[in-house]
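Shared between the two complexes below is chain A, which pairs with chain B and chain C, respectively.
Here is the complex of A and B:
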């Protein structure tokens, strides 16, 4: 009984200790870095969009797909060379939020699990992180599109 | 030129929201990115995301929030033509380029490269 009580106390104490000693996150500095890195990636994206519009005859809207593909290609190359993860350590959400972060998570999972074979390693691990983005994205998009499609049928706006 | 300015600012700010979700709300990166995708889908359903793209260009179309937007827009435009079934057939219509190219390039990378540090 006493032993048990002691155990609970130490657990609580441990949690308090852990919380007190947790390194303070430099929120402001992290936000500035995320802003600069994320802004720069979007700036590059805008540059790529304009190249597709001016030199390859895309419209502002149809240039979106080739722009995403180009950014994804660049991100996969940088991931393969080990550069993207270095930038990501500095930039935090600045590299995780743009579409390049999505590609980075897939490429790094593919590279990391390559030793387990192409089917069981690369194939089944590629979507380990990106999978939740697709699952929740598709499900929420389904609900929203369903509601938006039903409203005119019922006779609303 | 001001498109570039707003692309930088809006894209940067969306990443700051992501950073706040990580540092202040203490979400894991996977939860943070998933939250942003769902947020993009909701904004899209309220017809608020396209105006943001018109205003900020790549600043709104490069962050992952635009993935949620693209899923909803693909589903809605297909649903307009073929009814409720269109939601299921159209959901990947716009995002196909992104997902396919990510799969193809990531697989090629696993053929060509070894993991680094």
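Here is the complex of A and C:
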């Protein structure tokens, strides 16, 4: 038997070697960045809300929807200009979690598949990434609503 | 002639009579920019889709290689091509425009040396002359195929790699001085159970070392027989892992002799470079551009190119399969006219 047929490293041994070689993910730095980026987006959102309230006669509550729409619009513009993914590489969850991240996932998928036409491309691929968010968002909302309805029935608070 | 268990020696030494390397905008800003025959300054270069752009890269590389070999399209007896797109469409469409006998190959990023080894086998055995082989990859087309939409804001880890936009092609002929293909080692599929598609270097490194060890054993050779040994696209972390693996496989490799094309193609400071370049064009463009140029300048006499390929599909990854990898080695020696 030639040397090359012998197992020099087992899979386990190699996986450990590969793991040790891998750079550690800067978890703390990523958290700080996500906090700063996410916070900045919220700050911008607050600014937009204030503009709607002070200049366009919205109430604090009714300004919510146009604020989200404005943020979504900004996110789509930045995605189309090819900037959003660069910001996201730095910001991580900071740009993924807010509504801007959701808008980016849809806009990027729509852009990506535009070449396959509006029906087979844009229409069917737009929710490629956002689809799971909607499905599991709706599903978990249902479960929570279910629990909330059940608790008073069984004599809870 | 077969040597050992998995190597071929080409006694008639097929010659690379024409070679071309093409790059995209990011490659143009890299340290090897001067070694490309043609550089594009945007990702679409006048085409409507990224898939068409990928095809154009391969078509241009083939045309340039044929032109540099002082041949016409109709002189090409066979075209061997492959790429990373579904059903290797870029190669097939290139075959359509070349209109010569065509064999499509899939070896992921190992396609460059897979096709070169087969082309050398065909030319060496006199089953064909003026055999063209090449491969291309396009950042946006490949990302779309394997990962997320290009503009999707996902944070990539440091071990991720950037797909090279480019192409490389060569024409092999039966006679002549110049860079000659002298031997090849066909790799086994090696899978060490790694599953992270953002760390392909680590998945592919064992395949590279396995093929390299087989090459040295089959040919009773050692790193001393080569001026340069280059892996295809292991990137920074894969390169380091490979260096760590050499002593375990009893390969005595001088550190400076071993390089990785994925590390060479981009500059340390380029934004979003991550661990380096990848893609089937990575080893093709670096080998057929930079490395062949250095051979022509007399800086290198004998080199070994080890193209590494991760043979996963998006489906196999989603079904939690590990990443099978392969590496093919081809030795090229420069011969001056007597």
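Keep in mind that, in the parts below, the second predicted complex is superposed on the first by the 141 of 157 C-alpha atoms of A that agree within 3 Å, B and C clash if a C-alpha of one lies under 4 Å from a C-alpha of the other, contacts with A are read in each partner's own complex, and residues count from 1 in each chain.
Here, contacts are C-beta pairs under 8 Å (C-beta built on N, C-alpha and C of every residue); 3 or more make two chains touch, one makes a residue touch a chain.
What you see is a predicted model; the values in this text were computed from it and never measured.
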Partner chain(s) touched by A:120 [first = chain B, second = chain C, both, neither]: neither
First (chain B), second (chain C), both or neither touched by A:25: both
Which of chain B and chain C A:101 touches, first, second, both or neither: both
Touching partner for A:92 - first (chain B), second (chain C), both, neither: both
Which superposed partner A:17 touches (first chain B, second chain C, both, neither): second
Partner chain(s) touched by A:151 [first = chain B, second = chain C, both, neither]: neither
Which partner reaches more residues of chain A (counting touched residues only), chain B or chain C: B
Which superposed partner A:142 touches (first chain B, second chain C, both, neither): first
Residues of chain A contacting chain B in one complex and chain C in the other: 25, 30, 79-80, 82, 85, 92-93, 96, 101, 107-109, 111-112, 129
Of all residues in chain B, those that touch chain A in their complex: 3-4, 7-16, 18-24, 29-30, 32-34, 36-38, 41-42, 44-45, 56-59, 61-68, 71-72, 74-76, 79, 83-84, 86-88, 91-92, 94, 97-99, 101-103, 105-110, 112-117
Complex contact set, residues of chain C against chain A: 5, 48-51, 144, 148-159, 192-194, 199, 202, 205-206, 210, 213-214, 217, 237, 240-241, 244-245, 248-250, 271-272
Residues of chain A touching chain C in the complex: 2-4, 8-9, 11, 14-15, 17-18, 21-23, 25, 30, 79-80, 82, 84-89, 91-93, 95-96, 101, 104-105, 107-109, 111-113, 115, 128-129
Touching residues on chain A, where the partner in the complex is chain B: 25, 27, 30-31, 33-43, 45-49, 60, 64-69, 71-73, 76-77, 79-82, 85, 92-94, 96-103, 106-112, 114, 118, 122, 126, 129-130, 132-134, 136-138, 140-142, 144-149
